[in-house]
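Heads up, the thing below is written out as structure tokens.
Chains: A, B and C, in written order; residue numbering restarts at 1 for each.
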Amino acid sequence: MADFSRIALLTDFGASSPYVGQLRLGLAAALPGTAVIELISDLPAFRPDLAAYLLPALVRDLPCGTLYLCVVDPGVGGDRLAIAVEADGNLFIGPDNGLLALVCRSALSCCVYRIDWRPEILSPSFQGRDLFAPVAAALTLGRPLAMTAIAPTSLQGAEWPEDLPKVIYVDSFGNLITGLRAALLQPADSICVKGQQLSRAGTFHEVPLGTAFWYANAFGLVELAVNQGSATLELGLEVGDEIAMSPFPKLISESINE
Amino acid sequence: MADFSRIALLTDFGASSPYVGQLRLGLAAALPGTAVIELISDLPAFRPDLAAYLLPALVRDLPCGTLYLCVVDPGVGGDRLAIAVEADGNLFIGPDNGLLALVCRSALSCCVYRIDWRPEILSPSFQGRDLFAPVAAALTLGRPLAMTAIAPTSLQGAEWPEDLPKVIYVDSFGNLITGLRAALLQPADSICVKGQQLSRAGTFHEVPLGTAFWYANAFGLVELAVNQGSATLELGLEVGDEIAMSPFPKLISESINE
Amino acid sequence: MADFSRIALLTDFGASSPYVGQLRLGLAAALPGTAVIELISDLPAFRPDLAAYLLPALVRDLPCGTLYLCVVDPGVGGDRLAIAVEADGNLFIGPDNGLLALVCRSALSCCVYRIDWRPEILSPSFQGRDLFAPVAAALTLGRPLAMTAIAPTSLQGAEWPEDLPKVIYVDSFGNLITGLRAALLQPADSICVKGQQLSRAGTFHEVPLGTAFWYANAFGLVELAVNQGSATLELGLEVGDEIAMSPFPKLISESINE
């Protein structure tokens, strides 16, 4: 595996939680001098099926050579696998519950490994600290670790569609990020939510204060927003809610239903 | 420009947001070994007119030689300028929407530059990541960058008063920080909010539990607080709400109305 | 005192607050190259009596050689002491209001010092920044500092029981962490809250979705949880609320009442 210059944490642990803090203290002791950065700590709780669509978008424009430690893990302590995904010069570590499915699918090159190594002491509820963080430390240091190459097609979520017409994340402003890649839509397309048609704008200040619209966000995803307002409040939408495009693109329709 | 030993981030991006995380990952790749610290991530959203009054107070007692990357940018993607303000040994980078107006005004020495450089790829909605962070990295590394000196008086907000009798920030305890410098008030002065007169105390434990008061906070600003309670709940005040002093100082009155 | 390789911050300052940011900037200037990590920033506000029980659990499995800067300080500016507690290879700095009482009590070896040094400028409301952080920097650098050894038994909270049958922390998922060490309970024991009996499970996925249970969490404490739900909402419990064990263990009963 490549050398990794920095570690990014992507979790649903919450802001300022002791869970992120414990990960960081363990990593700081194992890897003094390596930058460890919280990329996001409020991924939708218990929802790897939604977070999966945010991950490739989030890392798309970030520098290569990063180890992404990813934990949204409602099945922790059960029999789900622990996996490492080497994709386009980055390494992703996390549970095999679909969380890394879209990172894998959207990569130009991708190798997947089952992590066979287990620590001596492994709490049933916090494997981010006890399993994934030590694995991240070992791989950053280039230490050998028991892993087995497996087929990307064997991963949970390998058959999921490439786009998801749902709200996958609500940011602190109330903007609604969807699982639709913006490149799929034409500027004249609109998004339908609860009987309302939203038109596209280039960015916020192009529409009047308080007006809802959709735009291609800085991660390349379709985002529903309100200029200087909260789309989640104005539109009454939350994480997991469905949206629709108009006209409904054939491409999406097929990949969802096939 | 001076050398900068560390970068501080001041934004309205929200706690644990992916926006701060993306800034940090970009900076970590460009500047390995440079400390990058979130000074504050919950500046009042969309309100550079309020955040402007918090900035000089926040940095007043911090060590010099810091590059402050400041983003409260509701006009992102429009024609507002990007600016750099060198003030008393620190450098501030951000949008020209008033956010840096009070930093500039309160400095003993201050040089202002318009940032002319633009990256090849610039998203219309996230110039914190695409413009301001790369500028911060270049200036930290001492790389030349297309900038033009401009007059401080040409900045947005250059004519704003030195003090603002409004709530400019609510902290996690519910304390209400105002835009009034505490040095303007006498100990016997009181603050009027919604028909209530608040007296001064030196600090929290000097008043009974649950009692509201004002005091000179650790940033040098007038703060409304409740001993072991929430002033925002008790007083029914939020960010942007007006307050009044009693007696109303001539100094403030003039600078506001002139 | 031992050398300390890293500094961890434990506060009730809130996520992304400027108070944590100011601590960090001060420490970054004084200690370039030393890792400073937020272990937790949402300790129960104004409640050192509850936070005290979380501290030893949080640090139990973390690497030694850490300086823990601990601030839950409702009596700031009053006459409470500032103390340093050297316990089992770590150093804890904070106010003498009970916050460090259980760290001290649960240590195999423990030395307590009263911090006599005071800075030239000391704000009455933010001694985390003005007193505790400079003390942390000085001790990390091995600089001499005016301190006096005192008896651990003289600390506030020295007589508190070893376990506390209360909710001491609610995490971002809504899980309820209690002040009871899990090792005190038998697997067949149940926890009583508001007339409801909660049974033990090994971890989340062992119970049906939406079911409340108790389990031994990754810090060694009894935690009340709901599989993929919020225990604080389901059970109607908040920080500080009491819980009961059934059968009520003699050990706890004695230590609480003695």
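In the analysis below, a contact is a pair of C-beta atoms (placed from the backbone, for glycine too) under 8 Å apart; a residue touches a chain by one contact, two chains touch by 3 or more.
Remember, predicted model here, so these are calculated numbers, not experimental data.
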{"item": "Any chain in contact with chain A as well as chain C", "value": "B"}
{"item": "Interface numbering overlap (same over half, different under half) for chain A and chain B", "value": "different"}
{"item": "Distance from chain B to chain A - Cα centre to Cα centre, in angstrom", "value": "31"}
{"item": "Of all residues in chain A, the ones touching two or more other chains", "value": "14-16, 42"}
{"item": "Complex interface listing, chain C residues touching chain B", "value": "13-22, 24-26, 28-29, 32, 42, 45-46, 74-78, 121, 123-126, 129-130"}
{"item": "Residues of chain A defined as touching chain B within the complex", "value": "5-6, 8, 14-16, 35, 37-42, 54, 58, 61-63, 65-66, 171-173, 202-206, 215, 217-218, 228"}
